[in-house]
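Next, two complexes with chain A in common: one pairs it with chain B, the other with chain C.
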Partner chain A sequence: MATHSVLALYSNAEYAAEAGEALDNAGFSKEDYEFLTDTPYPEGALGERHSSHRLYVFPFVGALIGLTAAILLTSGTQLAYPLVTGGKPILSIPPMAIITYEGTMLGAILFTVIGIIFESRLPTTKKHIYDDRITEGLIGVVVDCDDNTVDRAEQILTQAGAEEVRREAA
Partner chain B sequence: MQEGKILGYRRINRDLLRGVFENPVKYWAIVLFLGLVVLFAVGAAGFMVNRGIGVTGLNRPVFWGFLITNFVFWIGISHAGVMLSAILRLSKAEWRRPATRAAEVLTIFSLMTAVLMPFIHTGRPWRLMYWVFPYDFSRGIWPDIRSPLVWDPSAVNTYLLSSILFVFIALVPDLAVIRDRSSGIRRIAYSVLSLGWRGTPRQWKLQAIAGILLSALILPVFVSVHSIVSWDFGMAVSVNSWHSTIFAPYFVIGAVHSGVSGVVTVMIFMRWLFGWEEYVRREHIDALGRLLIVIAIAWFYFFAMEFLFGIYGQEGDELATRSLQIFGHPWGWLFLTFIITAFFFPVPLWLFRNVRRSFLWMTITTISVNVGMWLERFIIIVPGLARKQIFTQSWYTYAPSPIEIMIVAGTFALVLMLFLLFAKVFPLIPIFDIKEGQILTDEIKVGRRRVPAVIREE
Partner chain C sequence: MTTTADNNRDRVQITVDGPELNSRMVTEQVSRDFFNVTRNYRWLVAILGSVFVIGIIALILRFLDGFGVSERAQWGYYSAMFAFLLITAGSAPLVAVGLRWTKNHWRRPFSRVSELYAAVGLLTILWFLPLMALLPPLEGRRSLWVSDEFIGVPLWWDFFAVLGLVVCGLTLLVLSAIPDMAVLARHGDDGPRARLLRSISGFWRGSQSQWNYHRIGLTALGAFYFMLLIMVQTMINVDFVMSLVPGWKDSIMPAHQALTGLQTAIGLVLVTTFILRATGRYKDFIPMESFWSFSKILLALCLLWAYFWFAALITFWYGRTPTELNVLSTFMFESYRIPFLLNFFFSFLIPFLILIWNPVRKSVLGPTLAGASVLIGAFFMTIRLYVPAFGIEDVTGHTLKAVQPAILPDVLDIFIILGGLAGAALIYLLASRIFPILSIWEVKEGLLYQRVRPLLRSKFLVLGKPD
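And now, the complex of A and B:
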């Protein structure tokens, strides 16, 4: 159970990646530390852990829900207002097709957005250790540790060339 | 192609958040002026609501005039945004970085403005509620729920909602940048909006996937929107010149033509207003100019084919309408102006590198395209209606009233004003995207030259 969070700030990606390696070598698990950056670095540039996600499921589920809702809406409306126009059938397919297409796409997009937010683990109300200078270009390495490892973590992060290291109770 | 300098993160933050944190006098002067124009337009619309649509130039059989032309025009402009942003993201074009958000935001505000047009055009906007929410048959209200006009709101609103979400998702990391530079209530507001973003590798990975996935999903919606707008005309039973089989793709490519031109105009305007010389550079408008040449030629091909298909059947009524469009008064002059301003003036100029790299010339030529494309929609809509139809049995012509002109002028001011107000709250150039570009930029030595290069992750 992590009782402390340690944040170290680095001036460049090289130092931050070295800090990660040093933590690995000292027996910290990749689950114990996280990099915080202001810009997307190429995947693996910092030696971060590989994270899997299920984002690709969301658009399919959304599309299915959107399709169903649109079919129900269009057919339900036509049945509720059974006005025969030009001898055409009440349940007319062409006008339904357009709305159904838009409904399907809307469902897919809405669920994709929900999926992006959910898979990004957002929104978060938990207060994490953070520093405003990260959005000025510094790279943060946050380590979750317990009473026994917190001093060791601070030492490793400092040795890796951190500009600043501080700790907070988790 | 890479002509930019390597800039520090602090400098990028300061430059790109100038709109949010600084209050240049010229910014507020422009907003105030635009606000006044919008106010006049609101007054004109209010006058029309009070007196009825008799104060417009609409008549029998010309039931659609300036306002519907303007609707189609703004829908067209809206196509720039997501199309440009999506295609450039999907193709990983390096020069997309300063252009994407401006294009997406232009999409949102032009769509919102477009949606206003049919509402105002009805003359009694609140009565639309009877049509949207039909509440009983006993009052004799039998809305045609299979009407093509129902497709329009479904497509436009899907596109609008999708575009807003697309912009929001891409804004989250930049909102965190503003949060970190703010204090007090502003910090709380941006903390809420940024959803607690910290910039972990997982969040960045999903942000990158989001850009591509949402682009891929919005592209089919974008194509459907202007296709459906074309069917507003194509599905009408009796109007000549509205039934070409390639109307839908012709409308889509026309929308892209006017939309991308609109983005270029707006980018140059932003550069001037916020002093973004390091971000919107000659290489960017050069690349957009090259893209515009391709789009314009594709559009011209569709325009020519649409016309050819119209006269190919040798039907008397169709030939007469086409003749009215080209030779009738005042349509002939408008047609000539349209074809020159939309194609023959800008495109040959864009072939010259110096023109493509000139902010002044690109402003002039892209505004020219949109003058032409506005006229194109006017010439499509009105001459066809002005001739005798099966159901109307009468001939007439159309001239806009001052009320319609004021409303149309107001929409241009509205879009620009909303755009500038957006820039007061959010960055118009994606900060994280620019920073990513800086990380991936390098110089390589080839023989005796040092060549600027961009590393691209596959």
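And now, the complex of A and C:
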């Protein structure tokens, strides 16, 4: 159970990546630490864990719900009021096309917004350890650890060339 | 606050002759400008606010003058203003979306400038509401919807499409700006704006998983914004122009409006960025090369604009049915000849003649002038399309029986248009006090991938691609 958060600050991205490797070698899991940056680094550049997510599912589900609702609405209306127009079949696709497209889009957008909020676990009241200098280009490495490993983590982070290392109770 | 990140090793050039920059410089300059509300800014807000209020008063007087389907002729200029807002500000966020997909680096200073126009969508959706009561029923006329039996056709579907576009644009803006808002929240004082930023972005730390969600969210929302925008432009053009003109059948016109949107989006972003640069802010982060690169796309779109116009014209020109001749005479060659010529010159001829010259293209001013030109052109395009369409009394039937006389703007129309333009600029200015106008994280990201390196006896910019 993590009881401490240790934050190390690096002015050089290479040192931060090396700190991650050293933590791996010391037996820390990739779930135990994360990198904090002020700009997106290419995925995997710092050696961070691959983060899985389900964000792509939300637009698909939303689009499907929107599409289904629009098809039900348009086909239901056409069946409820069966008027032959211009010799075309009662269930005709062209009049349904715009409404189904719009319904699909609106559903997808709505669910994407919901997905972003849900996957980001918002809103949150939990306070995380942070240092404002990360917004100026320093790279933070945060390690979640317990009483037994906190000293070791601090030692590893310092040896990797950290400018500063500090800890907070998680 | 001191940091060892601010040393020479971290500094990089993003242009061969440009200054050396680093992450800290970006944060400091944007923070300084963001929290510093200058006297000029206050004056500008006051002036734009006053013109906007005058526009609203003119709008109220226009309501008192008559409001309804039978009085829609006098709402033509109002309708044109709505179309102009939709075409320009509605399309502007697409610049950030599209260029982000291409993963180029010169787009970085333009990203937030373009996304910020999503805020103008608030005015666009309000501007649309009265139009819903001005559209005649579908019965007896052609329309995109084929049948009027569906619930809410066409007005509510138009409304929800525009609303969806506005919501998508605003979400895109907020999502894109969250990392920057978090930076500014940590660098601001305890004023109300810093507190607002903290409440919105307090959760953001910049962990790699957060950046992943951020990237995927922007990609998904960007794709939906693009797909929705083209549909909205098509629907609005068909419902508020073509279907009000009996017998007008043209598959190119809605696409032409959508294309004009792309063209004016670039124009609007170029002009706004030029103004930003001219005020002396962020000059180091907005190199000439960005304008130069953008000018090539604008040139291509100007040529495409002319092609679309010609393709639409030639069909009617050779068709020569009474309706086709009356449509050409009304919208181009007789009643609205002057707006049409202004449209043609400013949307195609002038920017084309500006942009074909490489030395002019390779400057800050040249592309900006071309951008301003396409904005003027688009304004007259909306006038020559939406005003006559709203002026046609009998929208039923199969043919446009006569050339429609021109409807000239009165004083109220002029003030409504000025009010609309001022309102859009006002919202943009106010939004720039909540969302930083320079995308901090994107400019910093650019510093990771750009280096000036010597090659033989010269220096060149070496670019990296993230994937």
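In this text, the second predicted complex is superposed on the first by the 135 of 170 C-alpha atoms of A that agree within 3 Å, B and C clash if a C-alpha of one lies under 4 Å from a C-alpha of the other, contacts with A are read in each partner's own complex, and residues count from 1 in each chain.
FYI, a contact is a pair of C-beta atoms (placed from the backbone, for glycine too) under 8 Å apart; a residue touches a chain by one contact, two chains touch by 3 or more.
Note that the structure is a prediction, hence the values are computed from the model and not measured.
With both structures placed on the common chain, the touch criterion links A:132 to chain B and to chain C. Of the two partner chains, neither chain B nor chain C is touched by A:14.
Looking at the shared chain after the overlay, A:43 reaches both chain B and chain C.
Once the two complexes are overlaid on the shared chain, A:24 sits clear of chain B and of chain C alike.
Once chain A of one complex is fitted onto chain A of the other, the partner contacts of A:163 are limited to chain C, with no touch recorded for chain B. Of the two partner chains placed by the overlay, chain B and chain C both lie in contact with A:53. On chain A, the patch touched by chain B and the patch touched by chain C overlap at residues 34-43, 46, 48, 51, 53, 55-56, 59, 77-78, 81, 83, 85, 92, 95, 98-99, 101-102, 105-106, 108-109, 112-113, 116, 119-120, 122-124, 128, 130, 132, 134-137. Remark: chain B residues 8-10, 13, 134, 137, 142-148, 150-151, 154-155, 158, 161-162, 165, 168-169, 172-173, 176-177, 180-181, 195-210, 213-214, 217-218, 220-221, 224, 228, 432, 435-436, 439-440, 457 touch chain A in the complex.
The touching residues of chain C, counted against chain A in their complex, run 1, 3-7, 10, 22-24, 27-28, 144-147, 149-151, 153, 157, 160-161, 164, 167-168, 171, 175, 179, 182-183, 186-187, 203, 205-217, 220-221, 224, 227-228, 231, 235, 440-442, 444-445, 447-448, 466-467. Contact residues on chain A toward chain C in their complex (touch as defined above): 11, 34-43, 46, 48, 51, 53, 55-56, 59, 73-74, 77-78, 81, 83, 85, 92, 94-95, 98-99, 101-102, 105-106, 108-109, 112-113, 115-116, 119-120, 122-124, 128, 130, 132-138, 140, 142, 163. Put simply, chain A touches chain B in their complex at residues 34-43, 46, 48-49, 51, 53, 55-56, 59, 77-78, 81, 83, 85, 88, 92, 95, 98-99, 101-103, 105-106, 108-110, 112-113, 116-117, 119-126, 128, 130, 132, 134-137.
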